[in-house]
Amino acid sequence: MKILLTGFEPFDNSPVNPSEKIVYMLANESIPGVEISTAVLPVDLKLGPIALLNAVKVSEPEAVICLGQASRRAVISIERVAVNLLDFRIPDNAGKQVEDQPIEPNGPAAYFTTLPVRKIYSVLKENGVPSELSLSAGTYLCNQVMFTLLHYLKEQDLKIPAGFIHLPALPEQAAQMKGSVPSMSLEKMIQGIRLAIQVIAQE
Amino acid sequence: MKILLTGFEPFDNSPVNPSEKIVYMLANESIPGVEISTAVLPVDLKLGPIALLNAVKVSEPEAVICLGQASRRAVISIERVAVNLLDFRIPDNAGKQVEDQPIEPNGPAAYFTTLPVRKIYSVLKENGVPSELSLSAGTYLCNQVMFTLLHYLKEQDLKIPAGFIHLPALPEQAAQMKGSVPSMSLEKMIQGIRLAIQVIAQE
Amino acid sequence: MKILLTGFEPFDNSPVNPSEKIVYMLANESIPGVEISTAVLPVDLKLGPIALLNAVKVSEPEAVICLGQASRRAVISIERVAVNLLDFRIPDNAGKQVEDQPIEPNGPAAYFTTLPVRKIYSVLKENGVPSELSLSAGTYLCNQVMFTLLHYLKEQDLKIPAGFIHLPALPEQAAQMKGSVPSMSLEKMIQGIRLAIQVIAQE
Amino acid sequence: MKILLTGFEPFDNSPVNPSEKIVYMLANESIPGVEISTAVLPVDLKLGPIALLNAVKVSEPEAVICLGQASRRAVISIERVAVNLLDFRIPDNAGKQVEDQPIEPNGPAAYFTTLPVRKIYSVLKENGVPSELSLSAGTYLCNQVMFTLLHYLKEQDLKIPAGFIHLPALPEQAAQMKGSVPSMSLEKMIQGIRLAIQVIAQE
């Protein structure tokens, strides 16, 4: 099975982004029955979605998992819903900030993920990877990319599993943030994403 | 330098305790200039403090670090204060639960740690290990052991650095708990405690 | 302007529900330019939505605000999105619990509120009523009722402002719950909902 | 019974402080069997403790309750312990900030409150006032004033009940803060402090 795995470049003054690191690590790993292509997307209102759709067109995947960072979350957050809304709390890497704008003015209010999220959640739990099913991917780039992906697949009538998974901060990031910030090791995140890929490949 | 490092047995229905694991791992590690002796204490109102003081008497350490688990904390918690109070939210492993009792009826209200906690905190932070200085070790076994240790050293006029460090849940523990529970990898915890030992050895 | 205001009966072993109390209080209050009709809905997967749609049909409102309780939230939560998903963490008052079911099998993934939520949020803030814009109304009765309402209005082509507002626990409820639970006085909640009604009436 | 009730002036850029308001309100209230004297203390490392001790000397109370604000706490926090430590996260109102200093260089590590805190806690709970027993009053002015008070009473051998109670933000404060900040109405806080005074007067 051909799977496209995407991450994001660092943002919000951090020198790293766990989603980018995972993408690089899993690109070089062999998972039986899976062929992984990858892309690292810019944290940019305009260019992020373009880079994602370009990767989808080029790699012609049979499933897509997008990854991103959610700094204050304590566990791997498997997103259920992407909403048609842009409302940035901080500017993107190009300095652009928007409030209460639609992603697709003629699009629907939301899309549900088409990943087998309940199954992924239970497999992660069984394997000792802290995770949760999440009802909101926010209104920043992560949600935008998830919505854009699901909208594109719908428009193209491409019936492949696709969705988004949020990652906590890495320990080295959490150590630099104010207050008591939860984190997760890169190894544990990779284990979680590898398990998610295997679930998708087996379904 | 001879350092005594203690942990606790599992409690509260968990099959593991990160403090116990760290103690076993660091017992087999060689840190230049440091000789580590270890003890794993029972989570038992009566036997816990006895086991600790016994380990102190047997190993004659030049510094003592006690470790324990604080399941909902997100980072390594370096304790500043132990209070003369027992107030158990859950029973100990012997089924004993106490409310608003002193640890030492004739003892002072509290002891400050004698570990160089500000220095440990900044070294952990520099090395990417999420941590915090904490003002309360609770009123369960962890605080009891910390208080008992500092009281004993004071009574014996033993001027050695001693204190307590709380650890988050391990990922495999957090994955089984309800809700979104923060965790830390065993490797990151070991790195943090090894750094703490090095700071103490260098002071 | 005719406004329909709904609340819910008590649930989850609590003898009261702030949404029900607010409905009773505001039913007896005169707000210039506003005629309020009210309904208290059963916390019941089957009967809750029926009672709501019945109230809409009977009262023929020009705007609808549904209220409900979200016990661990600290502020008035103005919901932006209702999703087509039932996933009950606890049973309803009839003992029924469902997992991962759609509300409307042929309905869209979600609806956005049609209330002027940004304006309501800023008016509440200016008037000292703690509030937030929320991206998830959960997957229990509150979200179900919000989704059912917006779906019905869409199907009927009724272009009236409609949405959902979540309320914290009342102080007397929070005092009985485990841990440190945030709350809000009934007076402050009523002030907040009254302001929301005035915003809607003025738009 | 003569009770001294103290609060603090506003700080941290807020125009109000609930502890000050409560002091003014209860100063004008008649509670059977209780004679209340009051003081509002400056949020000032040097002047705060002086003002408190001066009020104690002038009013010759038979009990002392000090109040202060803890902005992110959700419930009334009845403090059990004051520690001999100054470690300011923000400067005081005179612009002074200190790190890791003792309050009394020759004082003990800590004092326990001498208020009947378990009884106060259960009476508040029974009366629907959200509250908790707290193990840390922080290391700012509130803890400083509590420690200074208990140290003075100990030195003077004055065996009167004395302690500290922390209050959440007022709704109008929480509405201006970033994020979802818990609050409590002034009326509910006054009810809680009045109940605490009655418990002390009855003991």
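By written order: A, B, C and D. Residues from 1 in each chain.
The criterion applied here is as follows: contacts are C-beta pairs under 8 Å (C-beta built on N, C-alpha and C of every residue); 3 or more make two chains touch, one makes a residue touch a chain.
Since the structure is predicted, the reported quantities are computational estimates derived from the model, not experimental observations.
Asker: Computing the C-alpha centre of each chain, which chain sits at the greatest distance from subunit A?
Answerer: Greatest centre separation from subunit A goes to chain D.
Asker: Averaging only over C-alpha atoms, locate the centres of subunit C and subunit D and give their separation in whole Å.
Answerer: It comes to 37 Å between the two C-alpha centres.
Asker: Taking each chain's centre as its mean C-alpha position, how far apart are subunit A and subunit D in Å?
Answerer: Distance between chain centres: 47 Å.
Asker: Compute the distance, rounded to whole Å, between the mean C-alpha positions of subunit A and subunit C.
Answerer: 31
Asker: Should the pattern of chain-chain touching be classed as line, ring, star, complete or other?
Answerer: Basically the chains close up into a ring.
Asker: For subunit D, which residues are in contact with subunit C within the complex?
Answerer: 73-75, 124-125, 127-132, 171-172, 174-176, 179-185, 187-188
Asker: Which residues of subunit A touch subunit C in the complex?
Answerer: 80-81, 83-85, 100, 108-112, 118, 135-136, 138-139
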